[in-house]
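In the two complexes that follow, subunit A is the common piece, with subunit B as its partner first and subunit C second.
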Partner chain A sequence: MLSHWRQYLAISPFFLVFGVFSFFPVFYSLYLAFQRWDGLGTVQFVGLQQFRFLWDDPVFWLSIRNTLVIWVLSTVPTLFGALVLATLLHSVRRFKGFYRIALYIPNVTSIVAVSIFFGAVFSNNFGLVNAILGTVGISPVPWLSNPWLIKLVIALLMTWMWTGYNMIIYLAGLQAIPTQIYEAARLDGAGPIRTFFQITMPILRPIILFTVIISTINGLQSFSEPQVLFGSNAANPNLGGPGQAGLTTLLYFYQSAFVNNDYGYGAAIVWAFFVLIMVLVVVNWRVVQRGRKS
Partner chain B sequence: MTAVVPRRSRRPKGLTAHIVLALAVLISVFPFVWTIVMATNTTEDIYKSPPKLGFGSHLLENIRHVLDTIDFFGSMLNTLVVATVTTVLVLFVDSLAAFAFAKFDFPGRKVLFAMLVGFMMLPLQLAVLPQFILMSDIGWVGTLKALILPALANAFGIFWLRQYIENGVPDELLDAARIDGAGFFRQYWNIVLPMIKPALSFLAIYAFVGAWNDYIWPLIVLNDPGHLTLQVALAQLHVGHTTDYSMVMAGVLMASVPLVVIFTIFARGFIAGATEGAVQGS
Partner chain C sequence: MDLSRRGFLQAAALTAAASGLTVACGGGSGSAGGKNGKNLTLWYWGGALSDKVVAEAKTHFSGQVKLTAASIGGDFKQKLTTTLAAGASVPDITGIKGEDMASFLPNANRFLDLNDLGFKKIASQYLDWKTKLARTEDGRQIGFPIDIGPTALFYRADLFDKAGLPTDPDKVAARAGTWEEYFALGTELGKKVPGTYLVNNISSVFNIAVGQGSARFIDQDNHFIGDQDHIRTAWDTAIRPYTLGIDAKINDNTWNAAIGKSLSTELGAAWHALDIEQAAPKTKGKWRVCATPGGPANQGGSYLALPKQCRNPEEAFKIISWILSPENDARGFTDAAIFPAAPAAYAMPAMTGGDPFFGGQKVIEVFGPAAKAIPASYEAPADAAVMAPFMTELSSIEAKGKKPADAWKDAVAQARQIARRQGVN
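Take a look at the complex of A and B:
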């Protein structure tokens, strides 16, 4: 033990910060979920009361539904589009580097900037999208007030940000596949579509699994998009847009914990939400794994 | 013969691939172009029907409005300080720990590393509320320290650097240094650090971009309107009752340009690093 003091010293800065700012807080928030506390007064133990309240809270379930819908609407086109683009990019020879950079760039822009941009372009009255629709005679679409269109705009935004990122990961996977396999398939008379489904897809499966898991974890954490799009006024009864159609679970957590100062309830929301994410990750994992056996 | 057949069948396929990819590039770059269009025109021009589609001449005027509305340079300076300090410290803390994990066997190594990887999977939001309580207890709410310190626990950085050091730094080299009398920290400073420069430069951009773009945590912990980071200030620009979209987009442009420039300069190495980490991590 003592002979390794240098190694322990080397890892200690990380573990100190990690312990104080990650490890301890995660368990402390679990503790808080069983208390009632406004951050100033006394902490009062209330057992499972916060969770019982959560179970009966229609706004919580609304936020879960919103989050799931936005997640599905964004993840499916993101991963599908990324796979198509990666396959195409893998097949071309020229401009490869240019395409990679140009398609990755959305991922390094800030969510705040992108959300403001989408808000301007999809604005109900004067946005570019409605202006273009207007020139072909279509009357303005209420992008930012219809409950479904709100979710669609948020999902489009996330798709725009994350397709390039996933494309790069798929591309790396494709480049690792030995070309001999493809030559053998071609000699056996397999066409491009058959090759794609019988060779490319099975080999890429672990990487697809990785992107599905990452997309689940990232996609369910949508917060900034609706927060910036619809403002965070403390007195705003429509947090998350008209009809709270863009109120994601994390936005509801933010409102409960930091706007209403209901710490116990905020902690309960975020822990219930975490359990949901874990369940979905396991389900996704199972689905992708089962695909391998068949 | 065999060389001719595939080439002939590839040519039309290659063309469609280029067309689809070029379309995708247009979609991915369009917001940047349109941001500039909006920022260089007046709001009335953009909201006319049909809207003005070309670049205008009102950029300076819009920028002046931004500077009148928010403390743009102040918040940019805050962001720059936070992002730079965070990046430098993350590089140091993570590479040091990664070296210990990659090349030494000490009691508890496996458990500690498993813990680190396990926590990498947890959503950060679980910790946000207690972090805020902690920050208010020690009186750090509203300070930049509150942004920098929690960001140092960058588990991904250690995970990724460890992989790189394990494969990229030969044991023989370290053994030779040890024979010459170099201790742990000499080996780290004189051999490991110079050898992992590509990995460090990827992590540097990753950490810098992450800190620059962070929104939820600064929004919570910086409660003084005169003392914000760029992203929070940008959001404030948008929240107000103003509908001056040209001004808002000028702000978006000013906040995005530095990062896009940094990214395009380092893009090649960054993307190579990103894929390396992702594929190894799967």
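Take a look at the complex of A and C:
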């Protein structure tokens, strides 16, 4: 190992930066979860008190429920839509590059810009959607105050952003499938639907597994969307929208740590949430893997 | 792929030099320099100070020091907290928002005591209740008051006229002297001019009603008092427009759109005038201002402070006391609707003129007396955090039709828990 010191030295900047800016903060936050700290004063050890507060905190559980609902509402259409779009794009003959770029653009647009746009489009009183509904005689829908519709709007926003991203991954997977298999299937008399479910899906399984896990991690980390949609200010410090229906766990963490200066509690929230994400990733893994054994 | 020894050494030396330089620069601007530095940095946010006054301060003091002003965007408190915690690149002079002051007071040792630098001598020029909010219990003065946010009732004179109500500020103030009278006026207005509402949401009513009292959510002995009568009264006041149907229930970002259309009145601080003006420029001349129903309250209003790392406290204090002298304070009102914390400014020509947006009304006649009559109240470090659940539950009532009794119960329970988490007993 020592004989390779030059190579190790050459790659060391990444690990040094990673250590200082990622590895250390992660474990410092674990340390903070057992303290009370306002960010400037002395750090006071409180043992498991923060976690006990967490267990009794209805807002924390509400934020978990909100996050899970938004996650399901966005991940399912995102992955399904991405797969359908990828299949369509795979069979398209002309303008391939254009379609790819067009569908991928939402992902590289700033979340903040998109959230502001969605906020304007779905606004209760003066939004575009309600204006259009009004012209056909439908009374305004309270998109940004009904607890379910708030989640729906956030999920829609996330679907819009992440469908193209997953589509590109699926497309790469589709292009790796040898065409001979499809030719053989066609000779055996399989239609497009059957081909899709019997050939495309099983071969894509590892890629689907990958996107499911990435989407789980991404979807559970929703923060900017509700933060921008229901931004707070001095006069109106409520976060997460009316009735906190759009309060995701990360938004709650941000509110606790950086708005309330309660860094210990914030750290406890994210560590509890980390455990939850790990559990969900394992569950996902099992569910997607199960079909393979049979 | 093998790196030649010479190439590698060159690359390594360059990297080391680059990182060395960065470190040197990073450290130099904050910690080094002693106590009579020639370069001073000032952190503030857009609209906190008059940009013109800041620019003039640079030239005014160019003989002694070089002042660099930086307008810091985003979450100002968070950026300041992290910088102070890190202890490097700390600004020599910094703004602190009024609502954040309470949370900085427990760490007063991070700042210089302005009394040592001569604030004591000029303190009487500034409103006492405002100065007191930036003072620790042992008398250390952390913040130099920039501005305050005395509240008032903004109303649409044209809509009042349409409804056959008085439009003259004094007469409106007389008609809407108490909250109940104000709501009665709103009910009448709603009947005569359909499609208009009295308040944008009930959280804003609650916010002001709490500010009208002399006690808030936590008392000076660090006890939670958010479940007591004074808060309950403010809560009940806030619920009234909701039950009367004169609440526009605006909890999303559509306030800008509503302000020129469906809102007939607006409760807010002096700086709120600029928000209304920017959101509804077409309603210019139609607005008037009168006293807040139930008495004045304060919303917002900021401070300047000198962090402990300040490289030239004497000069820095000279600069801030120049920027915030009553004369320059009055200019802040003209330039950026910053309402001065120095009452002497209220009589200056910069402030006594008529405001065309308010139909030429001399708004100082409303805000001036309000500023002096604001009740002093103790604001605990956790106060803002403890207040948040009340606001959230009020928005729940509006958005989901949650029963006010349930909402009150949940708000108190939640506030109590946040208080306990923050070490309030």
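As a working rule, the second predicted complex is superposed on the first by the 287 of 294 C-alpha atoms of A that agree within 3 Å, B and C clash if a C-alpha of one lies under 4 Å from a C-alpha of the other, contacts with A are read in each partner's own complex, and residues count from 1 in each chain.
Following the convention adopted for this analysis, a residue touches a chain if its C-beta (ideal position, glycine included) is under 8 Å from a C-beta of that chain, and two chains touch if they have at least 3 such contacts.
Worth saying up front: this structure is predicted, and the values here are computed from it rather than measured.
When both complexes are superposed on subunit A, subunit B and subunit C occupy overlapping space and clash.
More residues of subunit A lie in touch with B than with the remaining chain of the pair subunit B and subunit C. Once the two complexes are overlaid on the shared chain, A:Ala267 sits against subunit B while remaining clear of subunit C.
Once the two complexes are overlaid on the shared chain, A:Leu89 sits against subunit B while remaining clear of subunit C.
Applying the stated contact rule after C-alpha superposition, one finds that A:Pro242 touches subunit C and leaves subunit B untouched. In the superposition on chain A, contact of A:Pro147 is made with subunit C only, not with subunit B. By the touch criterion defined above, A:Gly39 lies against subunit B and subunit C together after alignment on the C-alpha atoms of chain A. Of the two partner chains placed by the overlay, only subunit B lies in contact with A:Ala176; subunit C stays clear of it. By the touch criterion stated above, A:Leu187 is placed in contact with neither subunit B nor subunit C.
Once chain A of one complex is fitted onto chain A of the other, the partner contacts of A:Phe126 extend to both subunit B and subunit C. With both structures placed on the common chain, the touch criterion links A:Val275 to neither subunit B nor subunit C.
Mapped onto the common chain A, subunit C and subunit B collide along 79-87, the only clashing stretch among 61-69, 79-87 or 241-249.
Residues 6, 10, 13, 39, 119, 123, 125-126, 231, 258 of subunit A lie in contact with subunit B in one complex and with subunit C in the other.
Residues of subunit C touching subunit A in their complex: 3, 8, 12, 15, 75, 78, 81-82, 84-85, 97-99, 103-104, 106-107, 110, 201, 203-204, 207, 249-254, 257-258, 262, 268, 299-300, 381-382, 384-385, 387-389, 391-392, 395-396, 398-400, 402, 410, 413-414, 417-418, 420-423. Within the complex formed with subunit B, the subunit A residues making contact are 1, 4, 6-8, 10-11, 13-15, 17-18, 20-26, 28-29, 32, 39, 81, 84-85, 88-89, 91-95, 97-106, 108-114, 116-117, 119-121, 123, 125-126, 128, 131, 134-135, 160, 163-165, 168-169, 171-173, 176, 192, 206-207, 209-210, 217, 221, 223-224, 227-228, 231-233, 250, 253-254, 257-258, 263, 266-267, 270-271, 273-274, 277.
Across the complex, subunit B meets subunit A through its residues 10, 13-14, 17-18, 20-21, 24-25, 27-29, 31-32, 34-35, 38, 46-47, 49-51, 93-94, 96-97, 99-101, 104, 106-107, 109, 112, 116, 119, 121-123, 125-134, 136, 149-150, 152-153, 155, 158, 183-185, 188, 209, 212-213, 215-216, 219-220, 231, 234-235, 237-239, 245, 248-249, 252, 255-256, 259-260, 263-264, 267-268, 271, 274-276, 278-279, 281-282.
If you check the complex, the residues on subunit A that touch subunit C are 6, 9-10, 13, 36, 38-41, 50, 53, 56-59, 119, 123-127, 142, 144-147, 229-231, 234-245, 255, 258-262, 265.
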